[in-house]
């Protein structure tokens, strides 16, 4: 799989994970189906839209590429329809949130590097992409953001994005470094819970 | 009236409607006159600024064009000075909010199409333009956004923006489709209350 | 000192002031050291990032220029390490917030003019740069923004940014008008407390 396809696949997977997390949170607040879809899409694409605005990639991919919308809608509808399935997963919001965090930390950093920006921008925008959606979710749901509680959250995104950027500078193989970065971020986040 | 003038007129009308809605909410929170003007302007231009950032129309029209600022200030001063008049309208925040929602859903979608973006971007940015100001207002006033309550809000904006975009693709006359889109969004929102 | 160096120096000083203010607020909420650094950086650069997005200066200077990150980290670490020192300052958050407000009102307006935008954009973006960081801080900490309370806040930024812009149009000497604008904003804000 070449770099571009790897990036797109991971980015859509992160979109799906965050959309599930947003949809579950929205459903738990008693929103109707449209509200669930809207929050799922906002959470899933919020971080990426912030990143794209910061690197001048307008209009943001989350808005132009129908696949992001389709993936977010599928995740939202799955959450509504397959309630029993989602409930059985022990902590679905937290699990999918950790997966999305890792995926977006990596793809956020990748996209900034693809656009030719320096290592600092790549790491910072990896974090922004990863925590942006969750921040938007928590701000909209009017609760204290997860990032502000005593948990490893943005720091896990920092580690994931840093692995990706340092690995790229050291010339590691693209898919190899990506899986390492992804696993490091996810493990750090999930094990801290 | 040509397309450009129609767009500008409706956009300024939406600005006025949202500015009234923001000014009333700010005054009810006991802000002084400067705070009322600031919130009115922020609410009125917040959605449009987000849209302009997403389509790369920088600096955003809300900041460069003095008419938006003038209209928002006029609305705020009217709210402060003509208190009795505004109070007499039964639910002024909600009424003007519904009008602004319809106007901005349509003009947001129009501007994205004028900038040459695809139908998905146009519909999504119609919604962003329409709900952005209200979201900013509710986030700043530290309350749960209207969009998150069991009411038809973003879905009304979706309908309005979709009418405008589909009508444009089907080649309907510009002003005709605009009034239909506007009326559909306003009716859906207002009748749901 | 030429204009560019003056701008950079003041902007870094404002970054330091806002970072202290953010770090103190984050520490008072009991965040760990990473959270304190993250909030300090976000508060310090939030307004500037919004300004840079609005004038199309992407990626925003706060993300590309390592000095902003270094200054914010230094301020955060100082707040954590030199607790006794910071506590001795009577109201450190409010004092540093007032200094940052003045510095950013001036540099925000300067940068918009350097990019060739009109007086309205310069004044508005001066205000955005100045109040943006504090707004982000308060929204993230889930409390009612300072701007919404009965205090002279955004209006002080308006005065500072207006002095800078009017002074530039009247051809006043660069450093002279900057100090006047800065002092006016700070005095107005600090004396109103």
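Chains here go by letter, A, B and C, matching the order in which they are written, and residues are numbered from 1 within each.
Rule of thumb we're sticking to: contacts are C-beta pairs under 8 Å (C-beta built on N, C-alpha and C of every residue); 3 or more make two chains touch, one makes a residue touch a chain.
No experiment lies behind these values; they were computed from the predicted model shown.
A complete topology is adopted by the chain contact network, contact being made between every pair of chains. Interface of chain B with chain C: the two copies contact each other largely through different residue positions, with under half of all numbers used appearing on both sides. Between the CA-based centres of chain B and chain C the separation comes to 29 Å, rounded to the whole angstrom. Multi-chain contact residues of chain B (touching two or more other chains) are listed as 53, 56, 139, 142. Within the complex formed with chain A, the residues of chain B that make contact are 53-56, 112, 117-118, 120-121, 124-125, 135, 139, 142-145, 147-148, 150, 152, 154-155, 158. Those residues of chain A that touch chain B in the complex are listed here as 26, 29-32, 34-35, 38-39, 49, 53, 56, 58-60, 63-64, 66, 69, 139-142.
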